[in-house]
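Here the structure comes first, spelled out in C-alpha cells, and everything after it is commentary.
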C-alpha cells in the first residue's frame, strides 16, 4: 500500500487545522489601534499553536521519508494523530482570551499531551512494522526528545492549577526545543544520499 | 482517465469535512473546568463523526487501490458520496447538544444511511465497470458488512422516536465493526504483492 | 511548466469551496423535526450549489486532460475562475433563506454568469496556446453548451425582478444539462487510447 | 528531501487561506439589492486580498520550479511565509468595513510587509542553499521588484495615519505590478526547454 495518499490526506487535514485556527482571531469591532489590544494574547496563542502544528507537519514529513510500508493499523494510528491535532483550534480558541487561567491552560496541555502520545504510538507502530534494524528504527532511536516532551506536558498540566504561567512557559520551551528539525532522521537520510 | 485526481479531490473534501466539524466545538465563554461540561457530549459526537468519516476515507483508500478505470459516471457517484459526507458536520452539530432527542438522533442516522447508500452505489458502479472477474469485484464480494450497516441504520432511524439512546448505541456499534479495516481488499492485494 | 500543481491547487480551492458552503446550514436551535423545516430551502440551495461546483470540477478535470502547456496567463485565468467559484458560498448563503426574492436570485445568477464567463476565458486561452488543430481545440469545439448556459444566466438575471421562481427554474435546468459530463472531450480522449 | 510534499502542503494552506477569506463576506440579513451595499467595500478588499494571495501562489509555483534541494531550514522558512499568509483573512476582515480608517489600513500593510519579508527570506535561503551560479540565483537576481514592494509597504504604513486612502492606493499599485507573472524565472526556464 502506498504512503502517498496517507501523506496527501495528512497534509490536507493539517493544512485545514493550521488555517482555521485563524478564524478565532475575530477582527475587532472598532477601528482604532487600541481595539487591537485584546487580539494580542490571541495572536500569541495562535503563533504558538501554529508552531506546534508546523512542528508535527515537519516531523511527520521527516518520518514518512523513511517509511517503506503502510498497513491498516498505520492508517488508524495516523487518523488518531490527526484527531488530536484537529482539537488544537478549540484548545487555542479557549486559551487565547484566558492565557492566565488554570483550566484553559491545563486543557491546552492535555491536547498537546494527547497529540504527543498519538505521534509516539504512530512511531512505535511504524518501527514495529519495519523491524529493529530498519532505517526508521535507527532514525527514531530511543526518542528521548519525544519522551521528555510528554513528561514536560504532564508537569505543565499538574502545575496549571497553581501557576498557570509556568505551564505556558513550559509549552513555549517544548516548542523551542522541537523548532530544530528532527536531526536524527536527517542523519539517517544524508549518508544514504552520499553512498 | 486517471484515478489520481479523483483521489486528490476526495482527500481534499474529506480533509475539510473532518476538520470543520471541530468548528461546532465552540470554546466555553467561562474559564473554569466546570464550563467544559457542556462540551463533553459535543466532543463525543465529534469523536464518533470523526471515526465515521475516517472509516470512509480508509475504505475509499482501500477501494481505489483496486480501481483501474475511472469514467464520468464514477466521478458523479464519487461526488454523490462526498455530498453526503459533507452533511456530517451539520448533522453532528445538531446531535451534539441534543444527544438524547429523537429528531437529531434520527437525522444523524439519515445522513449515515445516505452516505452508506452512496458508498454502495459507487462500489457497484466500479464493479460493473471492471467486470465480475476483476480484482475489485472479488474484493467487494457480497458486501455483507455494508448491507448489514444499512439495515442497522434503518432500524436505528425507526427506533429513534421511541428510544433515541438505543439508536446512538447502534451507530457506535456500526462504527466499531467498521473500525477494523476492510480485510477483503487487503486479502486481494496481499497475494498479488507476493506473486 | 507542469499542469500538476495547477490541478492540485484548483482541487484544493474547489474542495474547500464545496465544503464550507455547508457552514451556512446552521443546525436548528430546537430539537424537534419541525425545527428542521427552515433548513429545507437552504438544503436545496446547497444541493444546487454543490452540483454547480461539482460540474466545474468535473469539467475542469476533463479539460486539463487535454492540456499540454501551462503558462503564466493560464495560471491567472484559472485564478480568475477560482475567484468566481469562491463567491458561490456567499451567494448560496444569501439565496438559501430568500429563495423567492428577486435580489438574492439575481445575485446568485450573476455569480453563475461570472463563473461561466471565467471558464470560457480559461478555455479560449488554452485553445489559443495550443493552436486550432490541437486536441483541446477539437475537444472544446464551438462550445454551444457553454454559450447557451451564459445566455440562460443572462435571461434568468433579467427575469429575476419579475418572476424569481422562473430564474431558479432556469438555474436548475442549466445544472441538469451540464450534469451529463462533457462528452466532447471524452470523445477526443477515447479514440486516442484505442490507437 | 523531495520538494513535492512542500508544494502540496503550501498549496493546501494557500487554498484554505484564499477560500476562508470569503467567510467574512456575510450575506446580508435583508433581501433587497440595497442590502448588498455594505458588502461592496468588503468585496473589493476580498478581491484585493485574493489577488495578493494568488500572486504569492503563482510566484511560489515559479520559484519551486527552479528549486532542486529542500532542507529543514527551507521547511521553516516556508512555514514562516504560510504563517503571514494565514493572517491575511483577519487583516482583510478588519479592513473590509473600515476601508478609510488608519489603523485597519496600516495593519493590512503590516501583514503585507510581513508576508513580503517572509518570501524574501525564503528566496535568500533557497539561493544560499543552491549557490551563486545556480538557476535559482539567476532567476531571483537582485530582486528589485521584491525590494521595491517592501519599501512601498513601509511608506504605505507610515502614510496610513495621515492619508489612509493613499495607502490603499499603494497596495493596489503593488498588486498591479506583481499581477504580471515573474518573467525572470520564466526567462531562466524557457531557454532550458529549448536546449
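Chains here go by letter, A, B, C and D, matching the order in which they are written, and residues are numbered from 1 within each.
What we mean here is this: contacts are C-beta pairs under 8 Å (C-beta built on N, C-alpha and C of every residue); 3 or more make two chains touch, one makes a residue touch a chain.
Bear in mind the structure is a predicted one, so any value in this text is a computation, not a measurement.
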Fitting chain C to chain D on CA atoms, where both chains share a sequence, rotation angle to nearest 5 degrees: 90
Shared interface numbering between chain D and chain A [over half = same, under half = different]: different
Geometric centre distance via CA averages, chain B-chain A, whole Å: 26
Approximate Å spacing (C-alpha centroids) for the pair chain A, chain C: 37
Residue numbers of chain D (touch at least two other chains): 8, 12, 15-16, 20, 23
Complex interface listing, chain C residues touching chain D: 1, 5, 8-9, 12-13, 15-17, 20, 23-24, 72, 75-76, 79, 82-83, 86-87, 89-91, 93-94, 98, 101-104, 106-107
Partner chain D, residues of chain A touching it in the complex: 7-8, 11-12, 14-16, 18-20, 22-23, 25-28, 31-33, 35-36, 47, 50, 54, 57-58, 61, 64-65, 179-181, 186, 189
